[in-house]
């Protein structure tokens, strides 16, 4: 019998439907992998094997009755611990929310359960999704299943969706939810040889997702390939009247309309992304990507996104500013941690609770955000950043007058070692240099595994599309995927 | 612009995060590093540019004035609201006594 | 110009007053959640997940709250901003679960407007005065803390969190406590007419932050203080009086006024500094990224405008000009929207039942309501709202008087019985035999008898002693046991006496 954990979303869905195996068998197989890898990889904060089994039983029962199994029928998934799940601890990987059991379910997770998916557990992440390596989690680092050839050094699975990327890469889940604020789906996907797409801002409801930066946060799927992402995104997306920024548009049949034929399409190559001192392997991969897309029938042109270099500083004003306000609710009054020193008054309690509850990176960003919004600095920092953001968005609009999608690397380097960047926040921030611009403009963007570095680590290519054109992004991703033939997977050491 | 220990202490107080002297000292160069870096935005000419208000062009949708139309956004759920409270008594949240 | 001055040791001082009135928008559900807004519920029972600021909860604005703010703006002839935005005002307090209040700083929904306070000589307002209104914005209310339930804890009730408020910000155009009082009353009157706020100040539906400064006449504006949450017209006036005096005392003693937030104590009528809010404010306002710009469409504005009722100033003018009421009566009847509504129903019923035009019975209806029903209700300790006499019953009664079926004095009797029993006017008239005689033949017969029995007096009358006319009327009414229609009696007597 095949190892069910080697199967992806489409294969599981189709196999369960065809009766090749039961949903319960699938859930049991993944539950076993989750349990076996937990100590070594620390991908989950909480495992919920019973929930995966219950969902699987429900799917099997439906099949017995001949009912529709749903888009994700029989597929167990990992849930990033940023999504509120009913009565299951939801922490955003922060001590301040330890023990918090929401009495509600996020729209996206509910959509997935409605589509027949089951939950394997809550996945580890950077605390409040702030980080690019998963090292800011209160619940310990996630260890990437990947290792450099001939080395046992622990590598970062990327962040903030590092539990998600590690789980999919290590076959602990066929797919997982991620959220992307400045690259938190794409960068970890690139680091782990997995596929992830951040849809257009507003496609997936933010209701019930612990907020980091409201104008940037967007949920998306992380899976083994493009088709699996298309299936899962269809299940996650959709208009939600509870989110005022939700897009009131029908969800297209992305899976059905997948096509790797790019005839008539134009791909833009942004010259500003070709930076001085860029890793030669990354440049070579990018050139290879150009060749693949030409091979798929696309025309390739040079484009210019002149404000690219300002994207990261813009992001590091806007995201912390929004975060400083979004995280004010963690005050020890209604849920989560309360630290009440002897004789403390209300305001002392706030300060003590937040000092004890938030990690260093979260504090750093709250302080930056508080500073840039404070009296006298607001216009110079925040307003200026929102103006530059307009310019960045206009750059994309102009570029998309000439091309349909943009091809770029996902990250400037392959996965780095844990601990390598922790002492220098700025060099850590630079990891998101290629992913942040699309976030600032709210555009759909995905990362597709496209090759291995000389050390045997995965490298990703990024496709950025027009607003609402997830199909164009997925199709270009599929064209790359078919030509890259990326089949590498981490050698099991855990 | 750069921040000094007193400024960082003031920001931390505004953000209600208690910091020790040692933490303050460590934060000053870190924050200055980040602030100096983001200040390169000042070189962009934005004189005729509107600040972004909606990342995807969209206008605000309004809700009808109906009580508890959707249980997820309605009231009447005291137990759920208090379920995770560190201190809840007699249907209230409890906090250290406030003197106004 | 107001002549209000504070007489200090160093001379006269002027007072400059601006008010920020918080008015609770009349809506079923809260501004950003579907929880109910009803007053007086059990603690934390009207709290949605977003009101408790649960992680990941998002605001979606209530259309009715937006509509009411726009209608209110229209009622004060204000600029309505088709583009507005919600901003976050960030601060930490136990009554503010999100750690920020969603408000509108940079782009409020309503811009510059105004209202007129009427001249009131007695109160020291010599003529009508226009008070500028800078803006109205929509924002969330905060929760409630209770400090006296537990020895070491305060209790937090979030029922009010997220209830929609309109913050109505006046220009510093008022210069006396009386003007400020008149402004709050006028604003309350308009809000109640529009229906955008119930104006229940004792339930906190309307409260004012009072900004006061003093200066020597002609000098620059002084430093102001802000006294928070003053919840009656009388208290607003008291707070200003006290605060202005205090400032004068401080300044004359060589001190300086500190710009600060103060609290009004209704028991002593004084204000004191609020220690808990002393710490330097830096609200770090920025546009709420959970909410997009609010764009008002033309047809929405059209609907708002079409739904506006006749406003108090226009109604008062109409009562005077079209219904011929005295300025005083028009003022009394339009002071509150409920009274005006009651009066208009009464007028319609009276006109219908008597078959006369409203303008013909308007004075009668106004006088009856003001001098008879109000007095009677007052004696009973009840209100118009709870009156056992409905406008329909009142109209029937007034029609009986207007048609001459009963006399005015019998009408008084009927009203008393009606208040007691709730019976219909006709039933009472029948039962009590109060119908007056209007039949000219019957009256003529009685008059003839009276004139015959008093031939000497008839002679004297004809000889010029016209004051005797009253005597003949009296005798006739006496003979008819008070039921003769006095008008008919008068007419016939006049004819007979020549």
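Here the chain labels run A, B and C in written order, and each chain numbers its own residues starting at 1.
The rule is simple: a contact is a pair of C-beta atoms (placed from the backbone, for glycine too) under 8 Å apart; a residue touches a chain by one contact, two chains touch by 3 or more.
If you're wondering where the values come from, they're calculated on a predicted model, not measured in any experiment.
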item	value
Pair of chains joined by more contacts [C-beta pairs], A-B or A-C	A-B
Label of the chain whose CA centroid is most distant from the centroid of chain B	C
Euclidean distance of C-alpha centroids - chain B vs chain C, Å	40
Centre-of-Cα separation between chain C and chain A, whole angstrom	57
CA centroid of chain A to CA centroid of chain B, Å	23
Multi-partner residues of chain B (each touching 2 or more other chains)	14, 16, 53-54, 58, 60-61, 63, 70, 72-73, 77, 80-81, 87, 93, 95-98
Chain A, residues touching no fewer than two other chains	100, 103-104, 207, 215, 241-242, 244-245, 324, 328, 331, 333-335, 346-347, 350, 370, 374
Multi-chain contact residues (two or more partners), chain C	49, 52, 54, 60-61, 92, 94, 154, 156, 282, 284, 291-292
Sites on chain C touched by chain A in the complex	49, 52-61, 88, 90, 92-94, 97-100, 154, 156, 282, 284-286, 289-292
Touching residues on chain A, where the partner in the complex is chain B	99-101, 103-104, 200-202, 207, 215-216, 241-242, 244-245, 247-248, 307, 310, 313-314, 316-317, 324, 328, 331-338, 340, 344-352, 354-355, 358, 363-364, 366-368, 370-372, 374, 377, 380-381, 383-391, 393, 425-426, 440-442, 467
Residues on chain B engaged by chain C in the complex (per definition of touch)	14, 16, 53-54, 58-70, 72-78, 80-82, 87, 89-100
Residue ranges of chain C in contact with chain B within the complex	27-29, 33-36, 42-52, 54, 60-66, 85, 92, 94, 145-147, 149-158, 263, 274-276, 282, 284, 287, 291-295
Chain C contact footprint on chain A (complex, rising order)	83-84, 90, 92, 97, 100, 102-104, 106, 206-211, 213-215, 241-245, 321-322, 324-325, 327-329, 331, 333-335, 346-347, 350, 370, 373-375, 378, 382
